[in-house]
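Lettered A, B and C in written order, each chain numbered from 1.
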Amino acid sequence: MSIVLRGVSKRFDKFAALDDVSVEIPGGSLTALVGPSGGGKSTLLRVIAGLERPDSGEVEIEGVNSLDVPVQDRGVGFVFQHYAAFKHMTVWDNIAFGMSIRKRPASEIRARVDQLLKLVQLDGLGSRYPSQLSGGQRQRMALARALCIKPSVLLLDEPFGALDSNVRAELRAWLRGLHDEIHVTTVFVTHDQAEAMEIADRIVLVHRGRIEQVGTPRELYEQPANPFVMSFIGPMTAFDDAFVRPHDVDVRVEPTSSSYEAMVQRIIHLGFEVRVDLMLADGRHIWAQITRDDVEQLDLTQGQIVYVRPSREKRFAPVSRTRMLFGNTG
Amino acid sequence: MATSAAAIQVERVAVRNKAARSDSLLPAGIVTTFLSVIVLLPLAAVAARAFTGGSFWSEVFAADALASLRLSLIASLGVAVVNAVAGTLIAWVLVRDDFWGKPFLNALIDLPFALPTIVAGLTLVALYGPHSPVHINVAYTQAAVFLALLFVTLPFVVRSVQPVLMELDREMEEAAASLGAGILQTYARIIFPTILPALISGVALGFARSIGEFGSVVLISGNIPFKTEVAAVHVFGQIESGDIAGAATVSVVLLALSCAVLLALNALQRRGLRHGG
Amino acid sequence: MVAKLALRYTAFAYLAAILALPVGMIFYRSFEHGVFAAWQAVTQPDALHALWLTLLIAGIAVPMNTVFGVLCALLLVRSKMRFARILDVLVDLPFAVSPVVVGLALVLVYGRQGWFGPWLLAHDIRVIFALPGMVLATVFVSLPFVVREVVPVLRETGEDQEQAARTLGASPWQAFWRVTLPSIRWGVTYGVVLTTARALGEFGAVSVVAGHLAGVTQTLTLYVDDRFEAFDLTGAYVASVVLALLAFATLFSMNALARKEA
């Protein structure tokens, strides 16, 4: 059940939410649409769902041109950030809604809803109302409701955005587990890159209506196509025109041939890892991430002069569009 | 540190308690006295008059009294049904549609609240009376009663449903669509149940208002006993002719009806709040 | 979309037939015989007296209900006593009472054969068929508006600001006047506007209580009725236009205030 978008553009008044976007989402994968707020990822998701109609371009779901297919008939399951629960119906009726619209026999509905209640760990709560559930429970109900109609594609729009951070972490891991069990093509939108890195098979980085890069989490981390990707996925600090991961900054007390002189501004202990803020001779600020042991070995103190150089760095040539779409090497 | 924080807490509670005690008594006294003198005392007098003299039931079942009560009741029920439909429709258009002059139209809805009832009645006579420019003359008919009640109860359902429609979560409709529901299904199963409490509230308030309506009906209906005489007009006639006992009796029935409706509404709303949603 | 337009024009048609056209008619009929005739009608001594009386009654009733309304709202929102629940229901009573019943009720208390009748007679005080009775009727019917508008505003404002003032040394009166009242001023304003509209437009209750003595105890609404019964249609229409204009002024000021508050 793969999804293909070709040349999709969408404007809202003067604002270009999507600008000539083309991407392919493989069937059965768990793909994350990531990017800063307002970048177009929610719009992209809604175009796939049929909740927005693009101004131009093609949308193919499972090889079928779906542009003129209304959302009711696309067979997509959609989960909203704020749950969109049917407040006047019980949890059970919420989940059963899609099937009752399709006029399935009562016994079939009952079996399926009970099965889903168990799957999302809400069994026993079927007769409650959404207002009586916690945020996490409501979102699991929303998920069960979307899954009930056996969608070919599952779409989630910032599904954990409205939840506490520990509930987020729990549900995110649970979603991954669910996907491993069910294997429905799943696309979810998040502005939290760590979330995407943790559970997605593939990441699509969307920024200002365009796709910056598509790839596995590892590819985006180790082979970012441009500085924006590098800064968005994972931490980054810059030496001249070289972009470096802070844990690739080598800190020594003796100078070497390619090292820069720097003064230790602050040492921040974050447990095992330590963040060291440094100022170079020309006044620029960088930071390095080293271990607790390194700090002891180097006997680092504030104000000390040290010598730093990147052990691994990235330099970006002026980037072409093809590079952005298909990744970069070196 | 801890002691001064605790000290501030204690002082806050003390201030609050003192305020509650001394502040509440005087206003409570004024409010209760005012309410009693202005509202409760006069109403008690009506009830007293109706139930002394032992003729309550014979008065109620006097033929003309009964006829007027029946007319008021049936007309009010009919109007309630029309308002339920028309009011919802108008609220929908005001919330979901956009057109030139919408703010003006929105403000116009409140006109029946602001306009004196006698003037409302006169406007209907002007357009639908003997000198009607569109040749529709409903004067002296029961249709006139119906029309007058429609005028005065117009805003109730509209203003009740409007805020609920405005607050309605569009994502619920999108969710329903993504699950396969068409427009009518979405309306019937998602939108309508959500506005139903507000709809009932508006209908009930309109009903309570219309069974006792006087000013707007009195000019156009002709007040023909047994035909177009509503309960309030009947009471007025009884006062004029000195039949105070009869007037008080019918008044008590009207009071009982509207109070029953409002109390039922109150109870329903309280239950709805507990339900959640 | 056809459905959207169908809904829109159905709504327009309904509102035109029930509301807009009838109201438009009285304006038309008023000026049908020329502006001069209309002017003559509206400047009749009885008409002017009726207008003055209407304004006078409102001028007494509205402040009374405003003071009551604010105090009552304070009680409803702040009081922990169970009494507040009962008060809540009682305040809405005037909405449930037919205007004619209000008139009857006042007659039964203050009329010649009413509960206070003999006492009033002995002290040569006239309530029914006189100004006091009309004021009482008007106060009754316009009672709930200020309360109902102030309660939600008061609830949202909370007590913190007032308590802060108290800890800073303000007396209860000072705290109320300088902190609470300003914070609820929009609720009070809306309430006053609604109360005034209701007071100016009262008909049924005043009709029973006033006695229709033209030029003495006739409000503008009673005047309209009187002119209609006397077949002086122009007089009735013109007086109605005055009242309608007052109603429009009410609507307009509500909208203007809402915009100012936002």
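Methods note: a contact is a pair of C-beta atoms (placed from the backbone, for glycine too) under 8 Å apart; a residue touches a chain by one contact, two chains touch by 3 or more.
What you are looking at is a predicted structure, and each value in this text was computed from that prediction instead of being measured.
Central chain assignment: B. Criterion: smallest distance from chain C-alpha mean to the mean of all protein C-alpha atoms. Greatest Cα centroid separation from subunit C: this falls to A. Taking each chain's centre as the mean of its C-alpha atoms, subunit B lies 16 Å from subunit C. Each chain gets one centre point, the mean of its Cα atoms, and the points for subunit A and subunit B are 53 Å apart.
Each chain gets one centre point, the mean of its Cα atoms, and the points for subunit A and subunit C are 59 Å apart. Of all the residues in subunit B, the ones that touch subunit C in their complex are 11-12, 15-16, 19-20, 22-24, 27-28, 30-31, 34-35, 38-43, 45-46, 48-49, 86, 89-90, 92-94, 97, 99, 103, 105, 107-120, 122-128, 133, 147, 150-151, 154, 205, 208-209, 211-215, 218-219, 231-233, 235-236, 239, 244, 247-248, 251, 254-255, 258-259, 261-263, 266. Put simply, subunit C touches subunit B in their complex at residues 4, 7-8, 10-11, 14-15, 18-23, 25-26, 28-29, 68, 71-72, 74-75, 78-81, 83, 87, 89-109, 113-115, 136, 139-140, 143, 159, 162-163, 166-167, 172, 194, 197, 200-204, 207-208, 221, 224-225, 228, 236-237, 240, 243-244, 247-248, 250-252, 254-255.
Only residues 49-51, 70-74, 76-78, 80, 82, 84-89, 97-98, 101-102, 129-132, 142, 145-146, 149 of subunit A touch subunit B when the two sit together in their complex.
Put simply, subunit B touches subunit A in their complex at residues 169, 171-172, 174-182, 185, 189-190, 193-194, 275-277.
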